[in-house]
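Residue numbering begins at 1 within each chain, and the chains themselves are lettered A, B, C, D and E in the order written.
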């Protein structure tokens, strides 16, 4: 059990990174990776929302959809959860913790359409995790996302000082960089398996 | 004095060193390694090196639209380094594609010399490993047969897989493995030359090798520690790949972190991963962290501490 | 039965979340003006800053807040001004005429020599820090391309002779290059004006101009005498043609001893 | 080899042999001197003579406008013919006084010995430095009396005489230490007395063994009750930079943006010490200085005592003229000196050298992309990140340039010297500094 | 106002959701191992886009602005679920290949973007045209990338082997890194042509 948790963390962050290996959350990955600071903020927001959303989705799935035999409604149910959750978080934060809201607020709307959130919630169900594994997996996946985001932001800040052909600037070079990053993360394959 | 005076910003003296001379120095440092490769693996190794270097230079000349094939020499270095991390005799088209990818994608896609994030030669190899793993990183490798230039290829498993080669063989290089990684002796000679010429810092190879050694100790004592340092690509990686100026940190502390990270990841992959060798992955990974390491390890400015105390 | 549960579950969830959000939204109402987004969509999106605001969004906000004029977007021109006015529900303003950047120097490398050789950063401002620029003429174009570099629309390029060339199609008359040129050699003018003009900015005396440039205006006043419209005046040894008076007769072109008077729309343009 | 040094720095070719063996010779007084009214950092002077006035050698012709400023003196006797802008070593025309030399060198009445050092008070010494137009002669031309006026809460305990002369080619300080060692010690004593400092240090790079010997002798003979030591310094550029010299001799580090006073030290150039000694002993104002005329592009290199306002062209002629392949004229040393567009430029108080470089030194090298070799970081004596400042400035990312330390750069040029990509880092840093300064003012 | 033809063609070229707007990157990278998968994904997305655009266009005047986004998401999610079930019933192999990325069509920013940015402001007819244009543009992009990756990574196109048996496929393009690299290079190539032919 304990080893299993460690494996979940390792695999979710390094070996099977949700952005670099599973292609979840690529849109914000391309969009919000221009500055290290911004990417850290986005990462924090994702950690927060992803953990909450995955837990709530898990609860709804296991305690409502399965008993009622409504598994086919999971997509609708989960997206409802996520969309509402993001808005609720936004509202609650605004009232109770304005500082945190200031830091995370601008990223929250971006998260609704971040397929990493829905993706992780769905994958989590697919892998049949229990509640503890769910929490660990969600946090680890979000940290993996943040890590990939921050690394890319560091690289892009440096590439800003480069005289690069306009054809490659922006998304093109970011994608290729992500590809090579993905290549180098392949080295972690097989170290721990689930 | 009939020409006009020249005006420019100070300083008016410039060191004689330039990118071209640095690249020539690196090529010189690679010479003993290349020599040893030909000695061990025969004409096939020579062919691999020549193809890789030529294709790299041609690719660069095409991209830059320049007639001068050698240019500043950086493409030749990339090509030769790529050959060093390939098996002695892969199919020719694998070498061609790898070399073109190294220069085209690894280097020029990011804006050319000085701007690449990842070590171009390793990008080339990584692409080849993923694409045609059996040709470049399979289980069986050509056995070195010194002074035998016509022999057919005899294959054997690499020392990293068997863990059975003698330390002396590893030091001299009479073991199977990538073209340029087998002979520790030749690599160390090249490394010393680079250090003497001031192109590499002791910190990156130092931290790299030290961590590999320490982790090797856990894998089976002092001899195993040495074994891990000498076998596989650690020395080639630590002395020639990780020290690539463009893709490694510029700060002193950053260099230590970088080298240490390379060593750590290499050993994690070697000891626990499904790949037998982790040098390439570790260096590529640390390359990606270089900008962040640089930003986190800005040197303390002259007089800065006193200001804080005051 | 199953259909029924499905309806209840989704409907219930919708109710719960909808209710929650409705309550929350009521307590935290935020004023938003949809017009900002609409106007932002209309704008070219180059974020060039020619309007004086730090980007298209900012300009849109200020238009909606009535702090900026609807015609403020220079690259957008008449069309966008009209559209903005429509969104804002006001009458259209702004000029109809297409404008472009114009460079008032003909002193290419071969006709206006340097006084010394400059090595270093290829930027006009940087070069000016050394003895006031390497060009012998202290008004002429240095040709290091700071203006071309500054153009957000890729409409300025350095020609082989070391002078910038304006791409009339791409130029939006945003005026960024006007500010970028440290020697004030660029101005914005009507694209299709039919008049003559003097592409020189040298306020040096004629003797000095003759020493440093083959195509500089010496202020000899030959054109002044030739002009039947009295449209030309010489100030600071530099002839200036009043485009409102000029009828493009071409007398000055023949009269000019250095043959530098040109059709306004035909200089330095691709 | 001496251990006294700092971290970073470079070892360029020193090229001192051109002129280090040449004793200081008097330069010919020119037929006309053009004395700039901008002779020091800080405010320029207002002319106090008029066109047509007869002036004497050593007569004050420019009156300082602010506290950070010093007067300017006539270097010949003769007639003022013009007062108008003239090419200044900084590149732009600045106001200057033209004096036609009558060849008689009639001295001004003020030029007579005053009280001996023993009888002078600290305040009087400071006043002498101010009245006789003393500025730092190393090249920065910071008014000396300002350095002698620390705020009351600062207690200066150490005065350092800079004899490092780390700039390649230049030998003026070297010759001065050989030929005027006693005056240097005398000047140092005056500085110490004025500041109430207890320690005096003379720092000399250890490639000038004869100068070290000469200074040791002079100190032994002339130090009296003062505590003065001669320190041999490791030969490395920029050993003579203020902060590096203080680090090497006292181990103290001047904080970024601060003056040496912050660590209770005042730095003075050897030439300034001699000027102070001569002002006290002879009542001689600062109207001439030692200039090294050297470089591969000059036919007969020399060290010369040159009057303020002499044309550089005149000096070059006296040294046999330029060679065929001469391409660059620099006032000052090769690392921090200013390249000139013309040889029609006058010598000012801060002109320590006239350096002529040839074709081989001035190739217009292509600027390559930064390969992040980090050599500039290794050599930067201020431990900045010149490569990133340069790239940021190139891309006009001024905040980034500031973050990497642009404002702490004192433009020693080590980074640009060492850069294998031949990037004009100092120039970019200077542009960034100008931009940051302009933004801070806003 | 733009003509209907323009409205239709803009989605294919001028405002191609993938190559110009960089939307829907996740499915594009994930499912384009083969041309068939890419094409299937494109069609599925187009169906959802079309249906949701129609519905959104219908209800645009009814939905209060505050619950706009949740309401649209609900609409989209419904159609996604339908697609999911239909694919599972009739094309189980494609359903298996696309896997989790079918439910993830819900959060494809292209669909949300069109609903939010176009259908809610435009009439039914225009919304349909827009959805068709965008959907075809998206399908086209997915198919092109699928063809490139399948050709290089497996030597075939739409499952038909065309490179001969001696061809050693470049497995890179069948792997995740290859997806990123292929799309990045494809983007650069498209940038080049867009610039060359003056498409903004």
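Note that a residue touches a chain if its C-beta (ideal position, glycine included) is under 8 Å from a C-beta of that chain, and two chains touch if they have at least 3 such contacts.
Please read these numbers as outputs of a predicted model, since none were measured by experiment.
Listed here as common contacts of subunit A and subunit B: C, D, E. If you tally contacting C-beta pairs for each pair of chains, B-D comes out on top.
Ranked by how far their CA centres sit from the centre of subunit D, the chains are topped by E. A separation of 44 Å divides the Cα centre of subunit A from that of subunit C.
Between subunit B and subunit C, the centres computed from C-alpha atoms are 49 Å apart. As a whole-number value, the distance joining the C-alpha centres of subunit B and subunit E reads 41 Å. Residues of subunit C in contact with two or more other chains: 14, 17, 21, 25, 115-117, 119-121, 130-131, 134. Within subunit D, residues 327, 339-342, 362, 364, 369, 394, 424, 427, 430 each touch two or more of the remaining chains.
In subunit B, the residues touching two or more other chains are 3, 5-9, 105, 109, 111, 115, 127, 130. Chain pairs recorded as touching, per the definition above, are A-B, A-C, A-D, A-E, B-C, B-D, B-E, C-D, C-E.
If you check the complex, the residues on subunit C that touch subunit A are 2, 5-6, 9-10, 13-14, 17, 20-21, 24-25, 27-28. Looking at the complex, you find that subunit E touches subunit B at residues 168, 170-173, 175, 177-178, 181, 185, 188. Here subunit B touches subunit A in the complex through residues 105-106, 109-111, 115, 117-118, 123, 126-127, 130, 265, 268-269, 272-275, 278, 280-282, 284-285, 287-292, 295, going by the rule given at the top. By the touch criterion stated above, subunit C contacts subunit B in their complex at residues 114-121, 130-131, 134.
The residues of subunit D lying in touch with subunit B in their complex are 10, 12-13, 168, 243, 247, 253-256, 258, 262-263, 322-330, 334-343, 355, 357, 361-362, 364-365, 368-375, 377, 381-385, 387, 404-405, 408, 411-414, 416-422, 424, 426-427, 430.
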